[in-house]
Structure formats: C-alpha cells, structure tokens
Amino acid sequence: MDILIGSLVAGVLIGMILALVALGLTIIFGVMDIVNFAHGEFLMIGMYTGLLTAQATGIDPLLTLPVAAMVGFLLGVICYYGFIKYLVRGPMVAQLLGTFGLMLFLRNLALLIFGSEDQALHRGILIGKSFDLGMGVIVPATKLAAALLSVIAFLAIWLLMNRTKTGKALTATALNARGARYMGIPTDRMNALAWGIGGASVTMAGALLVNFWSVNPFVGILFTMIAFAIVALGGFGSVPGAFFAGLVVGMIMEIPGIWDFLTYALNWDWMANVPMTSLKYTFVYLAYFIIMVLRPRGLFGWKR
Amino acid sequence: METLKSAFDFSDFPRLDISIAGIIAIFLLVFPLFSHSAFAMATMIQFLMFSVYGMGWNTIGGYGGQVDLGKAQYVGIGAYTTAVLLIRWNIPFWFSMPLGVCLAMAWSFIIGYPLFRLKGHYFAIATIATSLVLMDLFSVWEFVGAARGLEISPIKYHYPDFWRLIFKKDIYYYYVILGFFFVGILYVNGFRRSRLGFQLRSIRDNEEMASSLGINVHWAKIKTYAIATAFVSVVGSFHACYIKNIEPQDTMGLDLSILIALMAMLGGAGSLWGPIIGAAVLIPLKSYLKAWLGGAAGLAGIDLVIYAVIIMLISALEPRGIWGIVEKVRRRRWQ
Amino acid sequence: MALLEVLNLTKTFGGLSANQDISFSVQEGELVGIIGPNGAGKTTLFNCISGFYPVSSGKVIFNGKNITALKAHETARRGLARTFQIYAASGDLTVIENVMVGCFMRTRSRSKAQAAAEEILNEFNLTGIGDVFVGELPVAVQKRVTMATALGSGPRLLLLDEVAAGLTPNEIEEIMANIRHIHSHLGIAVMLIEHVMELVMKVSDRVMVLDYGRKIADGPPRTVAKDPEVIKAYLGERFVREHQEML
C-alpha cells in the first residue's frame, strides 16, 4: 500500500513542478497562438542557471529562483524581439520551422558551452535529506521544497495575470488581439511580456527541477512533450487548466509505480516482466494523442 | 496510361529549369566514376536518401500543408521489417521492402484516421507523439532487439548480393538509391498534377472550400499520408541494408523526423524541386561542418548551431524556402 | 417534382434559432433570390442545405433523395455546388487550376478536367488570365473565378452567397452576365443570397425573404417588393406606420 501512496505523492509533487513548466507554454500560446517548440530548451537553460549560480556563489540552489526568473524573462523578451516577432508574420509552417530552429540553436549552444555530460547538484541544505510524511511515505526534501515553491510561483504568476492591470491587458490580447489593439493596448509589448513571463515561469521550474534532476543539453525535448501534453489536457491557453492537468500528468508519469503496486498486490508474474520503467514517458505521449483526439478542447478548455 | 505520361511530362517548367535538372541528373549518374573519396560518396548517398524522404514528406506536408513531424516512425517500420526478415529468415530486400511498405501504410491508416481529425499545431504535435510512442515500444520489444537494436552481419553473405542488397562498395548502394530517387521524382511529378494533387492543394488553401467541391478532405489527407509513408518506408528498408545497424533512437527518433521535415521546408515545401534543394544544401553542409568543426577541438554542436541559425533565418525571412526565393527573383524579372 | 425541397428546416445554435421552420422548394432551372436584413439566417440556410451544418430538425430533399444527413462533400457530389461569402477561390492556385479542382469532381482524367475548365473560362470571359494566381486578381474577378470553380463541378443547383457584395456597378454588370449565362444558357438552377437589390430583382424568377430566421415572403420580385411585411423588416415598423400613405 505504501508503494501506491508513495507513487501518488511523487506524482503530485512532480506534477506541481510540471504545472509551472506548462504555465509558460500556455501563456505564450494563449496570447500569440504560437507553439514554442523550444520551450523545453528554456527549461534546460533554467536548470543550468540554477546549477551554475549555486555552484558559483555557494548559495543554496533553492534560492537561485530569482536569478532564474530574471534570466528566463530576458531570454523570452530577447527571443520575441529578436526572432519571434518576424516569425509570426509568416504562415504556420514557417512558425513551426522557426521555433524548431530556435530549439536546435539553444540545445546545441548548450552542448557547445557545457558539454554533453550529465551534471547534477551535490551541495545544498536539503540535498540528501528526506521528509517523512507518515504512513511509510518518505520523500526527498528537495522534491518537496521544489514542489511547494513551484506552487507559490504559479500562484504569483496567476495573481499577476488576474489582479493587475497589465495582466488584464495581457488577457485581453489573448482573447482578441485586434480588439485589444483598437482599445489602445500595445499588443507588441504584450506579446513580448507574454514571452517574458512564459520564459520566467519555465526557467524557474528548471531551477527547481535541477535540485533533484540532473541536467544535460538534451533534456529539453522530453519536457516540451510533457508540457504539450499538459497544455492539451488543460485546454490550450487555460491557466487553471494547466495546474490541474500538471497534477494529472504527474500521476501518469508514476504509472510504473502504480504498476509495481498492482504486480505486488495481484501477484501476477507476467506483470513483473513488462518493462514499465522504460515506458514511463510513453504514457505521457499517448495521453496527449488520446486527449487531443477525444477532447480537442482539453478537459478544462477555455479557448477554441 | 495518362498518369504515366504525366509523370514524364515536365513541360510546365521553364526551359532553364529543365536544362539545369538534366545536367544535375547526368552529374548524378556519372558521379561515382570520378569520385574516389569515401566521404564524398557517403555524403552523396545521404543526400539521395534525404531527398527521397523529403519528396515523401512533401506530398502531405508541402502540397497538403499538413506539417507532419512523425515520419521517422515509418523509417523505423521499413528498416525493422527488412532487418528482421533478413536476419531471422534470410528474406531478401526486394521482398521485405514491399512488405515493409505495406506494414507502414497499414499503420499509417490506423493512426492517420484519428490523427487527421486534428489541425495545425495540434496535428504536428500529435504526429510527434505517435512517433515517440512507437519508438518507445520498439525500445522495449525484445523480438526486435529492444534498445540495442539489430545488426546485419555482412560476413554471412557473398558480395555483392543484389537480392539482399549487401555490398562492400558504396557505389552499388549509390546506384540503388539513385534509382529510387529518379522514380521518386517521376512519381511526385505525376502526383502534383493528378486529381489527388489538385485536391490537396485546394485543401491546403481552404478546407471548407475543398469540401464544397466534393472533396472528402479527411480521406484525401489519409490517402496522401499513406503515399508519403510509402516513400519513407522504402528508404528505411534501404537504410537497414546500407547502415546495417539500426537502433530505435537513430531510425525512429524525433531528430530524424524533424530533419526530414526541415529538409523539405527549407528547400521549399509544395514544389517539386524543394526537398531536393533542401537536401542538397543541408546534407553536405551538415557533414562538412561536422567533419571540419565538430571533430576538431571539442567544438561538438557548432555544426548544428550554424545549421539552426540558417533555419531560423529562412523561416523568418522567406517562409517559402529557397525555392520561394528563386521564384520571387524570377517573378520580379518577369515584370 | 421539385429539384430541391426544404421541409420545416430549423437550425438552433445553443438557444438561438438561426433558421426556424423554413419550407420552400426550387424547381429545375429556376433562379431564386434570397434577401433579408443582416443576421436573418440566409448563410446559415445555405450551410444547412449544403451539409456544412447539421440541421436541428427538418428535411432537405434534393433530386428526390433525402440529403439532410449528408456531409458537405457528399451533397456536392450529388450536384449541389456553392460559393462562400467570406472567401473566394484558392489564392495559391492559378485561375485554371482552381476551376480544374472543380472539374476533377466529375472526372479522374487530367486532360478532360483541363478541357472542361478551359471551356468554362471561355464562357466566363476569363480566358486571358488562366495562368494568373487567383490571389493576385481583383476581388471582382476572384468572385467570378469562384463561380466558375463551383460550376466546374457540374452542379444541378448552384448556391451563390453574396457574389456581388462590395463591387462597383460595372463589376456587378459582369457578374450578372455570368449568372444569366449559368441560368438561361446552361439551365442550372440557382439560389442567390444578395444585398444588392438591383441585381436580385433583375435576375430572379422568384424572391424569398428571411427575417429573424423565418421566411416572411416568397413570390415574384414585384409582389415581394410591395409586401408590407418585407418593408417592415427592412425599414422598421415605425417607418411603415408613419409613411403609410407614401407606400
């Protein structure tokens, strides 16, 4: 039983961070109708930012969050003004091609700078410690802290979007860009802002993730796909949807754990022979496909 | 009969294009007689392979406007079919290749049916998802060697084995893939002016309009998707015999899918020459950059950085690709 | 037997009914104009007949067969062609290629499709511009290409949705010539949604008026023009009351 609860708790915790990853994608998509294939690469940059800042300054990795947010915001804004702005004039094919180019660019730049080895954090107050949740469920302290900080960051961005004037202007741009322009909202700046906020939220997630997940230049695409799955489930452009869908996808990623539990509980031999751990992410991809085909608006759909 | 005739009919191209194409065709035919560099030969084979991949992608992605980023799964089906049949039952390439095409097309119908209910970005991402699912399954499937993949050991066969496509010298492989390349061009040339070709271009422009003209949009897309699949699967089978070592990551991975699509988009999606131009630019660029820069002094990745910059520039400045630039220049001269 | 018969057709979006209990018929070779204020449900009616929207209730019978549940491409294959208000022919295709897409509905052969398309272009006085991309043409010509494309599919009934909107009198004249050709020369039945009264009243055998999703009048152009219901729909109740003597 503790295997099952342990898996579910792990799913919820990772899901909270994944929600923050997907938040960036859904904001950008909501405002601009463009799918950023380089999203996972933003995350990878966030991971390196967290790692290197912690190593260079000696501060605790969890405290690198503001640095990562700043880097992410700048990265998003630079990408928008330097590239995306020109891209969105073209047809959808060109947009796909372009953000793919961006993905290749960032990924290989990282390869050039950091090399292809896995790098992981070794120092930090919480690293190596764990937390007993009771009922035999023990979670790493870093994971727990990262998940909680993710929720706080998520809420902060959500408040920014809903409670401030700028946030409302952003939402207006998302609903109807042309209408917003006629109302005097500088949509170009809003787009840049969306990229900034989107970038900041995903790099923050990266800085949190690196506490218990090693980083290499190729880590991005996995999270791009996971983020797509979350956004598809939550409804493209929906912020609350991203949160709940993040939790669901976190659970989907823990299917191998649940499978282990079932194998143990049912005591069927053939179940033990299924290489579930290798198929961990397969379920995420499958979930995206099935959700899109059955429910194109997502479970909590808002736009389209 | 008419279809066959239209495959050989290039009369709607300017005479200049046809002459250039003719010169290039002759160059491709005689190239091996002059070149003795193994590196150049390998690059040329890669170029031809990716041209055919690109031509296949171009039918659904270019003429049909459906950005498919999951073509690698069909490379995998073709490659694995050929490799498994050869290794386990000694079945030659010329039987396993058509069988691979059939399997790939069958799979394309199964996933194409739900897939084409999606549009635009959603479609593109879903194609990636399906391809990754299949790759993951192949990575754990012991019958096909799981993550280790399969290896065709050439020692068992007598060189040159035309039935099994096992050669020692690359020149044989070169002429085989060149044959596929020419057949591919002829097919696409006929396709673009066939009924289905016209219908697809109409669908790309406006699906509602297309269906008001009696076109079953969903079915036309599925059919074309299967055609694209056949192209890719054939080269996949060839890949198995040529490389002799197939792994899920190499033959079915996302990188390959993206490369196939990029090739065609960069050259100019929706034009006959586009994918070939794309492959002709990117493949040599890629292998030379890698040979010059990647190998030297730990500059791994720099080739792909340069590569990425080119892709970004093209997509932002001329979304219709290199062929789009050619046509623009030409039209300006005309006026 | 009527070519097209629409029986008690109703279409609702959520709680809003765009078409309510509409019945009418179109005879072989007839030209019926449909007019009505904006939002009267004219285009929705076309979308329901041609299978782009599923109807909420009612029946559409074409050529003696029930086509209510058929999809758009299936109705097209039975001889029901249409044009769209918001977009013209495919901009990325040349004029002749556009028309050929239409012609390919009848034949698999490229040469036959091309021959048929050339003939239609000839009839529409579009011969000179066959190789021009439609996107580069003025709107009026694009609209004519759209009609030619629809005609290419060899319809028995052609639904034209605002082909003359926003055009100059000269251009309307050309369009009118094309419509007359389709109707009197080729004998194809036409239904025509139009705001340009001059055109509707001149070419139609019969005019049908929709208002708030209901059919409020149906008859020869002259009679309909004098119908108090119609005038009320267009000019408002108050106007009719205050200008009783004028009418």
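So that you can tell them apart, the chains are marked A, B and C in the order they are listed, and the count of residues begins at 1 in each.
The rule is short, and it goes like this: a residue touches a chain if its C-beta (ideal position, glycine included) is under 8 Å from a C-beta of that chain, and two chains touch if they have at least 3 such contacts.
Keep in mind that what you see is a predicted model, and the values were worked out from it rather than measured.
S.K.: Farthest chain from subunit B, comparing Cα centres?
M.R.: C
S.K.: Report the most central chain, judged by the distance from each chain's C-alpha mean to the global C-alpha mean.
M.R.: Per-chain C-alpha centroids compared to the overall one single out B.
S.K.: Let me have the rounded angstrom distance from the C-alpha centre of subunit A over to the C-alpha centre of subunit B, please.
M.R.: 32
S.K.: CA centre of subunit A versus CA centre of subunit C: separation in Å?
M.R.: Centre separation, subunit A to subunit C: 50 Å.
S.K.: Any idea how many Å lie between the Cα centroids of subunit B and subunit C?
M.R.: Using C-alpha averages as centres, the distance is 44 Å.
S.K.: Please set out, as single numbers or ranges, the residues of subunit C touching at least two other chains.
M.R.: none
S.K.: Across the complex, what residues on subunit A touch subunit B?
M.R.: 35, 83, 86-87, 90-98, 100-105, 107-112, 115-116, 217, 221, 225, 228-229, 232, 275, 278-279, 281-282, 285-286, 288-289, 292-293, 296
S.K.: Contact residues on subunit B for subunit A in the complex?
M.R.: Touch list, subunit B to subunit A: 61, 65, 67, 69, 114-115, 117-118, 120-122, 124-126, 128-130, 132-133, 136-137, 139-140, 147, 254, 258, 261-262, 265-266, 269, 298-302, 304-305, 307-312, 314-317, 319.
S.K.: Name, in rising order, each residue of subunit C that touches subunit B in their complex.
M.R.: Within the complex, subunit C contacts subunit B at residues 50, 52, 71-73, 76-77, 81-84, 87, 89-93, 97-98, 100-102, 104-105, 108-111, 113, 149-150, 152-153.
S.K.: Within the complex, which stretch of subunit B touches subunit C?
M.R.: My answer: residues 2, 6, 193-195, 198-199, 201-202, 204-206, 208-217.
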